[in-house]
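One chain, chain A, appears in both complexes that follow, with chain B as partner in the first and chain C in the second.
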Partner chain A sequence: MLFCLFQQVEEEVVMFCPMICREVLQTGIGSSKNYAIKLPQRVNPAVLGLILDYCRLHQVRGRSNKERKTFDEKFIRLDTKKLCELTSGADSLQLRPFVDLTSRTLARMIVGKTPEEIRDTFHLSDDLTEEEKLEPLRNRTDDPRIRLLNRLYARKRRIESKRNIKDCRD
Partner chain B sequence: MGMLRDDDSEDRRRTKRIKCATDDDEYDYDYDHEFGDVEESGSGFSLTLGDFFNPMIPTSIVVSDAMEPDFPIIYVNKVFESITGYRADEVLGRNCRFLQYRDPRAQRRHPLVDPVCVSEIRRCLDEDIDFQGELLNFRKDGTPLVNRLRLAPIHGDDGMVTHVIGIQVFTEAKIDLNSVSYPVFKETSCKKQCDQDTPKTGEMKYTEENQEICGILQLSDEVMAQNILSRLMPRDVASIGSACTRIRQLTKNEHVRKMVCQNAWGRDVTGALEHMTTKLGWGRLARELTTLEAVCWKKLRVGGAVEPSRCNFSACAAGNRLVLFGGEGVNMQPMDDTFVLNLGAANPEWRQVSVKSAPPGRWGHTLTCLNGSWLVIFGGCGKQGLLNDVFVLDLDAKQPTWIEVFGGGGLPPPRSWHSSCTIEGSKLVVSGGCTDAGVLLNDTFLLDLTMEKPMWREIPTSPIPPSRLGHSLSVYGRTKILMFGGLANSGHLRLRSSEAYTIDVMDEKPEWRLLECNGFTGVGTQSAVVPPPRLDHVAMSMPCGRVIIFGGSIAGLHSPSQVFLLDPAEEKPSWRILNVPGQPPKFAWGHSTCVVGGTRVLVLGGHTGEEWVLSELHELCLASKQDVVEP
Partner chain C sequence: MDRVPVEVIGNILSHLGAARDVVIASATCKKWREACHRHLHMLSFNSDDWPVFRDLTTSRLEILITQTIFQTKGLQGLSILMDDVDEFSASAVIAWLMYTRETLRCLFYNVRTTPNVNILDVCGRQKLELLVLAHNSITGVEPNYQRFPFLTSLSLSYVSISSLDLNLLLTACPMIEFLGLVSPEIAITDAQVTVELSSHTLKKVYVEAISLDKFTLEADNLEKLHLKDCALELFEFSGKGTLKHFKMDDVSILHLDIVEPVDGLEIVDVSNFTIIWSKFYQIISKSSKLRRLRLWNVVFDDEIEFVDLESIALCFPDLSYLALSYDLRDDLKEGILHYSLQGSSPMENVSVLDLGWTVLDEHFADWVACLLRRCPNLKKLIIRGVVSESKTHVECHMLASFTSSIVQLMRKYLHVDVQFVYE
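Moving on to the complex of A and B:
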């Protein structure tokens, strides 16, 4: 058993993380409560718990690929906040396969979404200027919908620029 | 390396994980036996993607255990040890990725190591398929090496993958690590200005995080760029780039954009497009290729001459150079000379290529390009009738020579006016055409030119597509082919066709399927828009997977310069008309049109279509060429 963050963890589980493994072997850290493994800032107890669950299953020999995949699929059914924390934490522990797993999931959550939907999913605030959003799309395939959009954007830009000029003058 | 000490815990850990490696005999992989007798390859034909069979360059071998987590190494050969500087006992039990670290004490791979290649390796390992590619590695002393790597899964008795074998050919990398620009990503922060790390050691510091940031913004730029954005298609990157300022900044990074393009279009295509981006930038190029906003017709005048004059020759592009072979001269004489036009030169002009030995003269053949500067010829009509031989040429060789490739297995019957294309830059696909007796064919053959002894493989024919000549084959989605048009059997008649068929040659049982296309019915138009039936037209695949069609011999009074667009990968594929400004050519033929750099379609041929005047070319530009200022 090794000591880290004031809790004890099974050695083979936590040694699955390359960063911890290296630290332990180089400096002998983790051998006692006073000499516990220091984890990077981003790894709080909750994140550590989840990461250890992952390591616990994957470090066991003899588990088939199918078993590992099924576990992974169930494991990543978390909300976006947790997934991002996990990705961040696992990245600081250099647990590459885990970072891949969570990143793939996050990427899947982005596919096919509009910017609005992405902001909703990840609780992002809309801090882009109107200018930045209104880049014209040129239309060569005679799609009337695109022509209409371009006209709307052009009008919006004219209104915006007029408003900006007004603000400057005031 | 600090990790390997002689204390008990390390020994215990090592013996636990590498129990197999003590029995070396079992894993002394005899690669000579596996890859054939190397000396026999001296017949002159050596289209190899990495000198794998060259006895002069020693090969390094690594075997990893696929049943253990993270693929620990269980065997390395002496060549590996001497080239990389790592001893076997230093690396057994570890994953090979330490070769991507410049320093044994580094904790991350060096920024110059291509992350797209690494994720490609991961994908191949996940899917239990072969990987072949090049990667930047480092010796133990930090010297950069280019690793031409090939990974192959090894299956156990029950069919499960038990091991992965890696075959590496290392060469010195010609980069000066002190004077090269790194794809640096700023450390994550709410503030717009951050300190940039000097990435000389390949390590990144972790700054104090504001725990209040929730969600995706707490990920470092590097993780965002290399793990998440690089997995998205350009459209989704554009979406997320419009979500908030920080991500927008990140999506503007040229390296990120290049990764996204590589991911979407594949490395070969992106490599070919590389020279366009020095002026445009990947972001703009991706957008222009998607919206086709900058498409136009241009005219080019070139010097030199192709003499004696001829028709029915075949032309294709290798990089920036157009190559022309053979053709039908005066008195139906089959020609056997080779000409090249270098568009990269200040004043491009047609020059004859002096080759050591030319293939028999022919017309109605196909000339297609392979990887890099290689070209391949198949079939055609020669002096003594129809041919089914294969010749390859390396344009970059000191003395370019046409070399005949003797494919084993069942040869395709001799033919002319067939169609061909290349898959993944190394597999030649040939289909259809007309035999000596005037019978039309509907067969499909594949020849893998990377094999030591290439074998023809026939894709079993089915009733569709009906036999035809003068059709086009366009490759999309890496391994899929779209066949369009041609003069096809229709009952007891032969009619021009406007049907499209698709096939995926990497399927277990590949077969041609009819593509049900609708015309795009815009607002106000009543009738569907489908390209009029034609043969010997021009078909070109764009990087995003769409196919452009124009020209050819068209039934009725339709203009050959009308350009059509189709995305065969759509759920309900539909033809669209592309309005292109500029002066189009009056005629365009498939066998005399070349695609340069993935974005320029060059139509060789004069005004009337009867006189083959090669000094004037019409060019369909798909993307801007001049300097554009990014808004």
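Moving on to the complex of A and C:
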């Protein structure tokens, strides 16, 4: 049992997180209440609970892929706020497969929506100017490669138009 | 959402894939826009994603792709799969690749480029791990100059390449594990069309729609070999006994030459193939750990006209899945049924039997019964049948009597789960 954020947690479960695993092995923290594992800021107790549930199921070797998939599908039926917190927390703990799972779920919620609908779903602030909203594909001319490409295109257009004029005259 | 760092948002948006969704997401708020510009790692332009792609002219499409790609930084995955586009101009394609090559780890590209772009030239010596290329030509490979130190998966479809260049390409990829070749156009240098591939790191090879006079494969670590729709006069394979999964579908090989005995086979799947049973059996018989065997629509080009169940039972004690198809030529029916089922060694570990017919007759049910008797620990039986669209009276009658026989038969095996698959 390891000590983590004022809770006692089973060792195998917590060691499933690469970041914690490294820290425990390198510094030996978690062995007592006073020397508990310090978690990154993005992991609050609620998030930790959910992450531990995930680790608990997935680290058991006996479970089949189908079981894990069914668990995952049920697990991600959360609201967007919770999912975002989970993604953020899992990312700070470097739990790659979990981050991919929650990110995929969130991406599915974004597909097919208009920007306003996305802002509603995720409670985003509407801080883009009207001009910025209308031109999502801004022509960034501060990149030297883009400037070169623009010059090449312009040259190509000039040659084409010269050729057209020549054809018309003939 | 406010406390989620912008990199995490970038990761979430990378799972969107489709460029149009990414652009829409970038129009929601400042933070998401920054995520799209600085932390996006996957971008995909697929003609199926957005119907408007089909309505745009090629040059407008090129400009759209260029603008979208150039808005990102640090892209790791780029996918341009546009089936409706005839060709992209080389300058645009080179621009996309040069802009992303320093960070690109996987690339999917299937559009012809005019004039031809040597993708290997542009992407060599960088971080590429996965390359899926189609409808392009590879002209000239120089392993000293073009190296792919991280490439583990290479897939070439409808690519024109010379056989020498193909082998040089393999040597230019010191970590390659998967090679897929679909309908390549192998440039003929001499009278024979030959392909010789050798690699110590290859684990899986998939070859489809290729017709060669000679195909030599030398791969010491190969675990899976899958040939589909190939016509090879001579196929030589040499390895170190690591082959686990051998699959051949609709392949014709006149001379099959396997140098090292393959004794580690776990899965053998042969369908629509003419084989010399004795030679084939010799090849696979040493694999006592074989778990899955499938012989489907196989024509035996030998005196032995059928699958010898006794030798299968004795040679492969660990077999847990057996799939056989019932194809008897008219002149041999009665005899075959007797000979192929000779012997009585049980197949103790077989838990799934997959049996099928292409032409149903009155003996099929008996054949199923004999096989059931041989598998005392069977858990599942799958019956696959081909049902013709125009069913004659005789065919309907045959199907009906087969159904009754099976119902009667399965009463003796109540613990076996039966599944019917008809096409």
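In this section, the second predicted complex is superposed on the first by the 134 of 170 C-alpha atoms of A that agree within 3 Å, B and C clash if a C-alpha of one lies under 4 Å from a C-alpha of the other, contacts with A are read in each partner's own complex, and residues count from 1 in each chain.
Heads up, the rule we're going with is that contacts are C-beta pairs under 8 Å (C-beta built on N, C-alpha and C of every residue); 3 or more make two chains touch, one makes a residue touch a chain.
Just so we're clear, the structure is a prediction, and the values are computed from it rather than from any experiment.
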Discussion item. Quick check for you: in the superposed arrangement, does A:Arg22 touch first (chain B), second (chain C), both or neither?
Written reply: first
Discussion item. A:Phe75 in the overlay: touching chain B, chain C, both, or neither? Say first, second, both or neither.
Written reply: neither
Worksheet item: Of the partners chain B and chain C, which touch A:Pro97 in the superposed model: first, second, both, neither?
Response: first
Worksheet item: Among the partners chain B and chain C, which is in contact with a greater number of residues of chain A?
Response: B
Practice prompt. Using the touch definition from the top, say if A:Thr114 reaches chain B (first), chain C (second), both or neither.
Written response: both
Discussion item. Let me check the overlay on chain A: which residues of chain A are in contact with chain B and also with chain C?
Written reply: 42, 80-81, 84-85, 87-88, 91, 99-100, 103-104, 106-107, 110-115, 118-119, 122-128, 132-133, 137-140, 143
Discussion item. Applying the document's contact rule, which stretches of chain B touch chain A when the two form their complex?
Written reply: 2-3, 5, 9-10, 13, 67-70, 97, 107-108, 122, 160, 206, 208-209, 214-220, 223, 227-228, 231-233, 236, 239-240, 242-245, 247-248, 291-295, 522-524, 565, 576-580, 631
Response to the item:
chain A partner, complex, touching residues on chain C are 1, 3-5, 7-8, 11-18, 21, 23-33, 64, 66-68, 70-71, 91, 95, 98-99
Worksheet item: Which part of chain A faces chain B closely enough to touch in the complex?
Response: 15-16, 19, 21-22, 25-26, 40-42, 58-59, 61-62, 64-65, 80-81, 84-85, 87-88, 91-92, 94, 96-97, 99-100, 103-104, 106-107, 110-115, 118-119, 122-128, 132-133, 135, 137-144
Practice prompt. Please give the residue numbers of chain A that touch chain C in the complex, ascending.
Written response: 42, 80-81, 84-85, 87-88, 91, 99-100, 103-104, 106-107, 110-115, 118-119, 122-128, 132-133, 136-140, 143, 145-146, 149, 152, 156
